[in-house]
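What follows are several structures.
Shared between the two complexes below is subunit A, which has subunit B as its partner in the first and subunit C in the second.
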Partner chain A sequence: MDAVVDVRGLCVSTRDEQGADRLIVKEAEFAVSRNAVLALIGESGSGKTTIAMALMGYARPGCRIAAGSVRVGGTDVLALPPRALADFRGKRVTYIPQSAAAAFNPSRRIMAQVVEGASIHGLMPRAAAEAKAVELFRALSLPEPGSIGRRFPHQVSGGQLQRLMAAMALLSDPELVILDEPTTALDVTTQIEVLRAFKKVVRERGTTAIYVSHDLAVVAQVADRIVVLRDGEIQEQGATDRILVAPQHAYTSSLLQAADPTLRSFRQADRRGDPGPPLLEARDLVAGYGPAGADGRPAAPVLTGISLAIRRGSVLGVVGESGCGKSTLARVVAGLLPAARGRLTLDGEALAPGAASRTRDQLRRIQIVFQTADTALNPARTVARILGRPLDLYHGMAADRRRRRVRELLDMVRLPRHLAERYPDELSGGQKQRVNLARALAAEPDLILCDEVTSSLDTVVGAAVLELLDELRRELGVAYMFISHDLSTVRAICDEVMILYAGRKVESGPRQTMSMRPLHPYTDLLIASVPELRMGWLESVRPAVGEGPGKPRYADAACAFYGRCGLRLEGTCDRRAPETQRLAKGAEILCHRAEQELLAGQAERSRTISAPVTVT
Partner chain B sequence: MTNATADTLPRRRRRWRVSASGTVGLAVVGFWLVMTLAGPSIAPHGSGAMVGSEILAPMSREFPLGTDYLGRDMLSRILWGARYTVGLALIATLLACAMGVALGLFAAVQGGIGDAAISRVLDAFISIPSKMFALVMVAALGSSLPVLIGTVAVIYTPGCYRLARSMAVNISAMDFVTVARARGERTAFIMREEVLPNMVLPVLTDFGLRFVFVVLLLSGLSFLGVGIQPPAADWGSLVRENLEGLRDGAPAVIMPAAAIASLTIGMTLLIDNLPGRRRSTVEGH
Partner chain C sequence: MNAVMARLIGARVAVCVLSLLIVSGLVFIATSLLPGDVTQEILGQSATPEAVEGLRRALNLDRPAPVRYLEWLGGLLTGDPGISLVNRLPVAEMIASRLPNSLLLAGMAAAFCVPAALFLGITSAIWRGSAYDRVVNTATVTTVSVPEFLVATLAVLIFAVHLRWLPAMSYASKIESVGQLLRSFALPVATLSCVVMAQMTRMTRAALLTVLDTPYIEMAVLKGARPMRVVLLHALPNAVGPIANAVAFSLSYLVGGAIIVEIIFSYPGIARLMVDAVATRDMPLVQACAMIFSAAYLVLVLVADLCAILSNPRLRYR
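Presenting the complex of A and B:
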């Protein structure tokens, strides 16, 4: 076995405030053989990116490669002088970062940036480099490979940028490509296309690659071997199929378990099906940005004709890809973006569209929790003060009662009481999200709008936050509107699910109906796109129709999903907007196709939907 | 659930680390602030007392910094003058920054028409050359302390406003401000509690920088003869009235200039080394 990469006893250290060295990577040892893909997997802070960087002889500011050896293609990387190292990077080892959007210079054309590395290293003449780039664009199944290089980065989608980044990395035929979470920031449907393109190119060109990720299901599709990391130490390594089927380390098993939401033990039964009037009801909401036109529709509509109802103590899941308007829906309900048309009622009482004209009590009863706890907490205020403010504002509590209540709230979200005097930047991501949630609870609301609350958290931490949400719902009877791009999470914790596409509600119904056929073609696509924790899943998924998410091209007249629909009817779907129809399974969908036609179309698919989530 | 306690990040101590040059700056600025308050009481002579027999005398035991063009003790003149230079500049800068920050916060948090109106009016002020504006104001209203303070404050408000507004706009776009809005907080609360605490450091830095400009502008006005009027004198007028001593290298002209230089350089050193809370960057996942 000839190893392209051979890492022995690698230690990376950082210096803390007291000036003591602390190891963040401890004695890492692994090897990658030629034409193989090795995955480094772990949660944030596990040292996976640090190891990947060390393979290029790089340590981030404040870090130092303390010991060990890294050999790439026979070269001792750590012994290279700076000049040789500069030559080595970008030529023999290349790097694809998580966010291609941030890695591209927005003011230069794509082609100039893709061939830049090759010209810096003087590998080939510019014309040859461009020809090769076009060939790579084609191999990565990018649209219009001949001319896409003339565009600017903002003119292509996120998934396309990520593939263009891959083209840049592969241009110099490197011995090793490092992919650092290249699909984490993408929607599931886009992720499939990117993964498929990556895999094809890696296989065709015989590239040796290291794939850094936190997502086991993704890794299962692309990697030959997996290295499991935790706190800078390798827990386990082995062939992918062995790790997935027979993990030897307890930590690996816990990762496997957290990755599969159907294994989470949510108590679904005793949902308090309060039959009274819904807590929150919305009728035909239209909202967007820009001045309203003659018909009352905003210049750039984001949401069109959304109706929903949330019962007391129940959970409504809102699912869709980025840009579908799900966060806008939360902002409309919270009154941050006044709806242009439509009606909102809270407990039968009309709600003013803007927060400024709602009563304080109405504001108290609807609270919003944002995705990124980092920016949702004022960094200049202590936790006690952040939690104390709603107590003072809504309940007029005096200082000592407030202090007691803050302690209770911290207990409620399972945080130690001494954190009250901390500032947000002294807390970990999961703790911040709990404080974020506690602030909403401080108001004693009836409804909490959760906007992607677990998306920026590690799987294990995210699962704990979900569990907490479920517990609070049972104890306090609070209702949630749970917004997420992740259908499997939503299916696991919500009573009702609503699927948004391009600002329209394409399917809605009780949770169980989301795993019963027929589905709206978009729901079907979403479900099929969630990576499964088994090898070979990627190959079994039917390639999607159309050009990927984006603005609907067929304007208002057509079905918004027409461009990507596998079951579209030419002459109907691109001419008329579909009507809502009720299916026998109890869900409503927005589609021209009759129930039987959908059923037939979806049965034809090679892949079967996993058995409906059993209700326990 | 139990690991929620385990993953607490280590508590970082908020230490005020001041570098060597920052210490020097602090010492110089601190010295002049003390002189502003205590100068007149420790000065050996009165501000206007003609005590020397010789004019533009060099340094001597009796007159450590020599005498001026009328034979007055230069050390006493500079100590008395500190009150005008430092005190006036401090009041004017405080006024300018307070107005600029308040307007900037309001414009950023309120947005819309209010923002546009304030911004355009202050943009118009920016377009007027500052020295010219000061000369016109003094010519029209006569030179007095309130006029000087008011003029300087008006001149420096727009710059401070621009800076405060641009920072406040960024902060207002953060989720925690959105949460405050959704909670139903008033504009004044959002300005004071949510936005202001997150821009204190840049505002302080800006304050120091503007203070330096104000000292130079006031000294410049006095040098031109439209600032502080005799017999009172700030450091700028001290330089001007003793200008004839320049040929002989009399300390009477060099010392007030050195005082201006030391104050401005000291302030610059201090603000360059203001301790900032560095926020740790989180590893991407």
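Presenting the complex of A and C:
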């Protein structure tokens, strides 16, 4: 039998405050054969990480491996005494965690951490281990492989840390590598580079791996077999192509459906919008941190020259990778971070840059919903009090009416009324995000700024929240500024889309223009980087140019995207800042290249851009 | 060392100096507000107003307070904290005769407490939730809740009066051998430790637990590192800042807060000197003692801050 991993009847339990045991993994059984990659897929709470950790004989504090057997390469892992277990971990099975940024010790140099496993287990002399590490760094296409190990974790970007983690895991030539959501915390453009590096190394070395993820599209690129998990139970397992094409279990089908926002039919019909003046208009916004210089620009500018307009009842999508300034834009519009320069108007009426000098009514009309409902809701207040506060503040409602209105709001966001007396801790992630949304709705705003509202939610839950947003827009005529790193979600629900790169608006236009060529080179890269739910997608994508995301080095005098642009013009793009041009498709882009040149450059790409969403 | 760190450290030192200046003002004001007057203490209840007035003039107490403050501050800066109003000896001399005793007591207590507290804190963090951890926790809470005069009195009653194992009084001056030194200091050091160690142990444990819950510690475990290695190599370097702060707070208590211990064990230290000076309204002496305590506290906190800054690689390497 050539199964490297053989798991039988695995049960993991937790103990709650009352001392009662509860199973979080129930009777898991699967096997992984040599040189194969198995994916454990499921939403949060499905037990996928718990199973992955049990393969190393490890259970998080508060959890206990209750029953079953785990055999890795013939060793019964669960029967190993502590000392033998420590010898086993990091030598025969290695682990790549979700957030490399958190899993690297901040006070030790990278190389010391990468070779630590090898030196603990006495696998090879330090010098040999370092040489091998450098070789792996090179194989994983890390910059400056010879010297990157001398840095500290904070001196390296997130995507690079994730690859360094892979080098750490592969250094001891383990029988099994466990990758736990290794690309989830990364931007799509970074994710694709990391995935490519992982896949290459895994294939070249013939590594047996278990890939834990919630993202089917990513799994489709790397896994040979898929195990679908839900609430600690295996729903179905099978070869990747079979699962993707012919899922047998209803839950797998729902995962497949939720993974592709273009499959959802958002109603587009009544998006004529209001012909009058825009609800919110911004002109040449400049914002950032630090004291303003002589020209009124802040010392550390985050946004430069941003203009936008949102019509009543319409949705503007703002897309970009982390650090591009999209959350800052929401904070500027809300007045939390006063703009250094530029003008904001609400219904034609000037808005003061800072929230403190806006009128209460202006404050009421623009509400913000933050990314993490966990931290945005006061844990010491009941839902009723959280929702009652804006009712009291903006509408001066008496206790009786307030109670009624709280019930209405809960109905509006499709939450059961009895949740009113609960505390945020007692709610699930999706429920918290709905409360968060209800809190914004309580003010009866004209515009809601949604900052990555679905990013921390599971795909299925996130899809439900998106549908709710769309319904509310139709019923209440509220407008949204929908901020996301996920272009496919934005294309599915927004009327207008704006792409930010390094604090500049590189492309903007009606949503259908985002799937029409020519595109701004960055938009093009962004679209090409969104994983598609089919095998072989990763191989079909052209590798990107340049050094990958990070601080643009040519920020001021040149085009910010110069370093990563596949269509850059030497001597122009690195010298002069580009100007906005209008394209025939009805969008504006910030680029030196003429429309025809862009079109020619992008036509080369073999893969087709997904068709626009069908209008129902 | 880079520019950012130099700036940070410079700022800390500057804040420290400024704090000390403010403290000097507060000490001066506070001592002026104390009820009673040194002239009445010296001359007694039956002194005539003329005699009191004469003495006030002779002691320069009739001049306006701001002038006296500036003179005193100038004296401090040049190393001369003035002359005792009661026995006309230079304050510097009086303090010089007592300060070494206090430092010796504090040093002995620290030499015992810091390693012991760190050991208890670290081990109870490693075995979190175990019987050992619970015993350490209960013991530290208990000792920190019992007032030190009670601990000291009980210790004297048991070990000195009933068992006659140890001397009830400590005189630093009569010590000739190490054994004698230990015997003579055993009770005061033990009493001080009761108060100080509990705090340090608990803070060390808490700081370490915060670090032990981080993903990089889990990663170290999954790399196959043994518990000792995980704690000493991975966790401890990241807990240096908070632990140094806890130690500094506790040690500052040893310098200035040993009053009760010094009195119960009739120990000729600086805290007792200050208490006596308050009783006789000998303001220059009170002020000088207060400044020494404040300075010691600020220096300790500054050292802890520096430890935290220097142990942070984000600041060390940009």
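Keep in mind that, in the parts below, the second predicted complex is superposed on the first by the 614 of 616 C-alpha atoms of A that agree within 3 Å, B and C clash if a C-alpha of one lies under 4 Å from a C-alpha of the other, contacts with A are read in each partner's own complex, and residues count from 1 in each chain.
Quick note on the criterion: a contact is a pair of C-beta atoms (placed from the backbone, for glycine too) under 8 Å apart; a residue touches a chain by one contact, two chains touch by 3 or more.
These numbers were taken from a predicted model, which means no experiment stands behind them.
**Q** After the subunit A overlay, clash or fit between subunit B and subunit C?
**A** After superposition on subunit A, subunit B vs subunit C: clash.
**Q** Using the superposition described at the top, determine whether subunit B or subunit C touches more residues of subunit A.
**A** Of subunit B and subunit C, B contacts more residues of subunit A.
**Q** Quick one: classify A:390 as touching subunit B (first), subunit C (second), both or neither.
**A** first
**Q** Between subunit B (first) and subunit C (second), which, if any, makes contact with A:104: first, second, both or neither?
**A** Touch status of A:104: second partner only.
**Q** Mind working out whether A:120 is in touch with subunit B, subunit C, both or neither, as first, second, both or neither?
**A** second
**Q** In the overlay, answer first, second, both or neither for which of subunit B and subunit C A:58 touches.
**A** Only subunit C is touched by A:58; subunit B is not.
**Q** After the superposition on A, what does A:249 contact: first (subunit B), second (subunit C), both or neither?
**A** neither
**Q** Quick check for you: in the superposed arrangement, does A:585 touch first (subunit B), second (subunit C), both or neither?
**A** After superposing on A, A:585 lies clear of both subunit B and subunit C.
**Q** Select, from 26-34, 134-142, 152-160 or 188-196, the region of subunit B that bumps into subunit C once both structures are placed on the shared chain.
**A** Of the candidate stretches of subunit B, subunit C runs into 134-142.
**Q** Need the overlap of the two footprints on subunit A, from subunit B and from subunit C, as residue ranges.
**A** Residues common to the subunit A contacts of subunit C and of subunit B are 99, listed in rising order.
**Q** Within their complex, state which residues of subunit A touch subunit B.
**A** 16-17, 43-45, 49, 98-99, 181, 184, 214, 334-336, 355-356, 358, 360, 363, 367-368, 370, 372, 374-381, 389-390, 393, 414-416, 419, 422, 425-431, 434, 439, 443, 458, 464, 467-468
**Q** Can you list the residues on subunit B that touch subunit A in the complex?
**A** These residues of subunit B touch subunit A: 1, 3-5, 7-13, 174-176, 178-179, 181-185, 193-194, 197-198, 200, 279-280, 282-285.
**Q** Name, in rising order, each residue of subunit C that touches subunit A in their complex.
**A** It is residues 214-216, 218-226, 229, 233-234, 237-238, 311-314, 317-318 of subunit C that touch subunit A.
**Q** Quick check on the complex: what are the subunit A residues that touch subunit C?
**A** 53, 56, 58, 60, 83, 86-91, 94-95, 97, 99, 102-108, 116-117, 120-121, 151-152, 154-155, 168
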